[in-house]
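Worksheet: one structure, shown below.
Letters A, B, C and D mark the chains in the order given here, with residues in each chain numbered from 1 onward.
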Amino acid sequence: MDLSELYAQMCLIRAFEEALLEVAARGEVPGVVHPYTGHEAVAVGAVAGRRPDEWVVGYYRCHGHAIASGSPIGPLLREMLDRAGGICGGKSGSMQICDRDRRFLLASSIVGSQLPIAAGVAFGERAAGSGRAVVVFCGDGALGAGVAYETLMIARQKGLPLALVCEDNGWQDRNPSPAVMPMKPAELLRGLGVEVTEADGNDVEQVASAMSGVLDVCRAGGGPAALVARTYLRDFHSQLRNFVPAAYRPADQVERWKAKDPLLRAGQRLRSLGTDPQPVLDAASAAVAEAVRGALAAPPTPVDTALSSVTVAPFGAALAGSDVR
Amino acid sequence: MDLSELYAQMCLIRAFEEALLEVAARGEVPGVVHPYTGHEAVAVGAVAGRRPDEWVVGYYRCHGHAIASGSPIGPLLREMLDRAGGICGGKSGSMQICDRDRRFLLASSIVGSQLPIAAGVAFGERAAGSGRAVVVFCGDGALGAGVAYETLMIARQKGLPLALVCEDNGWQDRNPSPAVMPMKPAELLRGLGVEVTEADGNDVEQVASAMSGVLDVCRAGGGPAALVARTYLRDFHSQLRNFVPAAYRPADQVERWKAKDPLLRAGQRLRSLGTDPQPVLDAASAAVAEAVRGALAAPPTPVDTALSSVTVAPFGAALAGSDVR
Amino acid sequence: MSQHPINVVFERAMDEQPELTYLATTRVAGWERTYGADRSVCMPISENAMMGIGVGLAMTGRRTVVDLARAAFLFTAMDPLVNQATKWRYLSDGQYSVPLLVLAITRCGENSGSQHEHVPHSMLCQVPGLVVAVPSSVNSAAGLMATALNHPDPVVILETSRIFFPGWDTATDIEPTFDPIPFGLAHRVREGTDVTLVGIGNTVTDCLTAADQLAQRGISAQVVDLRTAAPLDRDGVALLASTTRAAVLVDEAIGACSLMNDLGLHLLTSGAVEPVGLRVVASDPCPIPASPTLQAVVLPSAADVAEAAADALDGRPAR
Amino acid sequence: MSQHPINVVFERAMDEQPELTYLATTRVAGWERTYGADRSVCMPISENAMMGIGVGLAMTGRRTVVDLARAAFLFTAMDPLVNQATKWRYLSDGQYSVPLLVLAITRCGENSGSQHEHVPHSMLCQVPGLVVAVPSSVNSAAGLMATALNHPDPVVILETSRIFFPGWDTATDIEPTFDPIPFGLAHRVREGTDVTLVGIGNTVTDCLTAADQLAQRGISAQVVDLRTAAPLDRDGVALLASTTRAAVLVDEAIGACSLMNDLGLHLLTSGAVEPVGLRVVASDPCPIPASPTLQAVVLPSAADVAEAAADALDGRPAR
């Protein structure tokens, strides 16, 4: 995939998140938002090389994962804004979205829990001899979870084609990771015998090329393998409704990383290659603005499916348990 | 502690387990037994250097841990035989015993679960500046559990005086550990940055001397540290009631290890030092026989405490929930 | 010795469904050779990841059986069951099915102490959409398993240890065959006209014994096996109970927020039983002690059931 | 803005009990400086080990508060709660106390989806000996916390997210103070003579709103806050309910094996309420959707409560 295309995806994610936060500030997002701003190069670079039949698995900071996987922004927005046409019918909200058609398996809001699920998918691929890899994202904080370790041990022992992308932003909510973990992600993963490639997570080309190596290892049966992408959250961990998020990181750290903004850098590089990035950015903004307008004009989530898809089996009534309601 | 004393303890454990299995074969043990036969040198060597005010924490294969910690065999036997005078009043059985007075904190029957509990105790010791270590045992299979990893990461990050003893018998129930784990215990623990000492777990002197180094590291604030003791189960994983346990390991492997029996080796060594081990062994057998006689002659567990010690708070009735009983 | 019906049913499914996958920390003899290590998968002691892997397999089209060995180990694997397996059909608004079957042994006659002996059916009924099957016998376990192996959503089968003990094949079975047993349909295992005894899992046997004891006192007891805790056959039990003058609901779990208290409420509000004719016999509110002597105090017995039945009938007029 | 009562209570305990230890994945501003990193302990995302460490501290004499942040994360830490914290007093036959307090937020107004929003009080009531407190307001949370911080056994406090939202200090509180609140004692928060509305946690507010709505229809409703799910004040509620002609029990959890079905049974068997006068209003049996629009369908509302009350009273003669 060429840089313009990667840049276009990053712009779409950036515009999406900025618009979403704006709508949230107006009180129109009922739930929580974990913005992907700052991480754009990771999702876009990591998913650039996946084949269309390979699954991608995300975590709660998932809007970037979904958009990079090809999910349409309209249904994503509507999901988060509680409007008709949401990608999961209003049942998922922001943190647990999925899009089976784009092989975006799911994003899970329980830290670490996506890892064994992705390993299960990878187990299926290996059993089928499909030669496909499975891309799974996690934060640096997720490496604290025992289930991450269990998954990696099993993936190694069974040789699963699990391509792990660790988005190492140095923080886990309000804690700097070194305050709670004795090892950095790459050192830790290597200690567990996992093949690790490190990349500058704010450089989309570097991420894409490093990831293509990781995917090749997995597809060739040499998995699991991991990419550790060093990056940073431009804005903050999360915002609930329109409550103003507290600043929790040193201001100079935040400033330092602003200079390394992944869009800025990709834009400069494009320019150096003779392409003007502005029209791409503008197109993304326009597409998002259009999607926001559409979402805000849409009716609320229709209620007729509120109780559907709990199970497929026809014993809803018997399961109710509230017969005297 | 001198070798005769270590040997005496090993003999006591061996005699205890053999007598217990004999009683079980007659159908007089209502529960399950995970015999410590073959591992005796590990518990005895590892606990030899602990100070009387240091806690020991075990896992379900715990009779050796308890006896090495000083627990009296009579109350232990009675606990397992459902007789009056059991060390936990009949509530614990074989796998979850404890003896607060001997600072044998507990043995837990959930694989890996004893590790964070021991780390909590170690946290308290560090907070108190006591200079005490905490000894905790686990099997090689326990290293598969995510909670083992979580505990070690936290112990490293907080510098806890946790002295881990991994009883590496190469098997986890009916699975050979290499069939399910990609790394051997020592390599894995080192990969996690834990200081590891390896020892021949069938040589009680070697275990004791290696462990004294591990304890010193912990007491000096350099913990956690681990001892990996290579050993083998002489008999089998477990026996339920009087059901005959299946053979699950290659016969030649079982035979090979018989030659390395820890009691045999300590006995030979004693003899080479001019001490006849036989009287020690005989004394242990006699003590156990006496305890068995006493237990079998004792009345059943008294029922008046069946419902006591659920909580200390006086709201048992309100908690009952079965008011229409 | 004949082959265990559970194995017969399971092997039949392994043969019929080429992608059916079995994850366990223990091995079934010969399965790795027959089905390959990709379908009979031996796992480390990593229940959380094992269950999560099962979810991933099931979501992408491979029905998976996660054998936890014991319900005691479910507590290290609750998250993938509660937050993943039972959620993704709903969260995805129907994009996914999660055909995951979890096997877990509860207790009975092992006397291994309260960390190892758990009866979590009531807890699990609080997980929306989860099928919680609690077989009472060898055939009941195999028949419920047969249904579970074709069910499109997550199922937990809580098996009593008793059905695996030596001699399992000598006991007479309350289910004549191991044909598939539908979920949510209680089963009358003994007819009777005076009182209805309702059991689940291990307590079905207690109810049958109690019925024998009651018969000697001239009381005719019908016995009902719930078979699944969720879905719960409220109406079926109410219908049966309405033909007798009293009902005794028996559970080896504690009473608070329990299945039997829940069912009891339905029997009363539906008018099937009058308040004075209802008894719930549950475990005392404490962990299950290792000692069988103490268990006899804490857990419900056939004698407790018979006594409760006689007490409930006392002074109740014939209809 | 005044200091949050929960913090006031907690800091008072930190000052009074020099070994009280706080484990959390988040920090309380200033606590590390005030109490030291040995007492205000910042943890990685390792809930299972965090809870186990809490057990080890508590068993050896250091009361510990494990702050899970959310009840959603309890499912990765069930084993040390179910198999360790609540077991060791019994397993040891009284050798140990385990003064462990677990804090966990349930839900309300966050709309974060079913993995994040859980109301597990009924499940937890199945753990023998565990105190399950479910405060309904800021003061209720602080008052229950004050008691928990002196309790000798494990306690879980399931807090509603609402009490931490901006503006928490502007709402009028149903508890006038944050003095310690005893466990197992329900609290009448509004007097009334026709119907008794029983809530827990978030549904207490719904009951109060419903009482207002009913008042406009000439129906006088008394409202009861259970405060703890375990111990459950069965007799206290029965006594209160027996003074009115009907009772409506309201829970945002699903009905199967629920606290309110359990309580309902007691109200009927104790004779406090007649079967036709009882209603249980629970969540529909599905995960909690992220969309507030869908939640309005699935979760009980004040209007549902009022309607159930009117329905229960319909045709019920005045006593």
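Note that in this section a residue touches a chain if its C-beta (ideal position, glycine included) is under 8 Å from a C-beta of that chain, and two chains touch if they have at least 3 such contacts.
What you are looking at is a predicted structure, and each value in this text was computed from that prediction instead of being measured.
Shared contact partners of subunit B and subunit D, listed by label, are A, C.
Relative to the C-alpha centre of subunit D, the farthest chain centre belongs to B.
Taking each chain's centre as the mean of its C-alpha atoms, subunit A lies 45 Å from subunit B.
In terms of their C-alpha centroids, the spacing between subunit B and subunit C amounts to 34 Å. Remark: subunit A and subunit C have CA centroids separated by 40 Å (rounded to whole angstrom).
One finds 29 Å separating the Cα centroids of subunit C and subunit D. Multi-chain contact residues of subunit A, defined as those touching 2 or more other chains: 90-92, 96, 108, 110, 144-147, 150, 153, 157, 180-181, 305, 310, 319, 321, 323-324.
Residue positions of subunit C with contacts to 2 or more other chains are 43-44, 46, 48-49, 72, 75-76, 79, 83-84, 87, 90-91, 113-115, 125, 128-129, 230, 232, 254-258, 261-262, 264-265, 269, 278, 280, 285-287, 289. Chain contact topology: the protein chains form a complete graph, every chain touching every other one.
Listing the residues of subunit D that touch subunit A in their complex gives 25-27, 42-46, 48-49, 72-73, 75-76, 109-116, 165-166, 254-258, 261, 264, 278-287, 289-294, 296-298, 308.
Within the complex formed with subunit B, the residues of subunit A that make contact are 144-150, 153, 156-157, 180-183, 188, 190-193. Listed in rising order, the residues of subunit D touching subunit B in the complex are 19, 21, 38-39, 41, 43-44, 46, 48-62, 64, 79-80, 83-84, 87-97, 125, 128-129, 131, 151-153, 183-184, 230-234, 262, 265-266, 269-270. Residues 48, 72, 75-76, 78-79, 82-84, 86-87, 90-91, 113-115, 118, 120, 122-123, 125-126, 128-129, 229-230, 232, 253-259, 261-262, 264-265, 268-269, 271, 275, 278, 280, 285-287, 289 of subunit D are the ones touching subunit C in the complex. Considering their complex, residues 30-32, 79, 82, 86, 90-96, 108-112, 141-142, 144-147, 172-175, 179-181, 240-241, 243, 300-301, 303, 305-307, 310, 316, 319-325 of subunit A touch subunit D.
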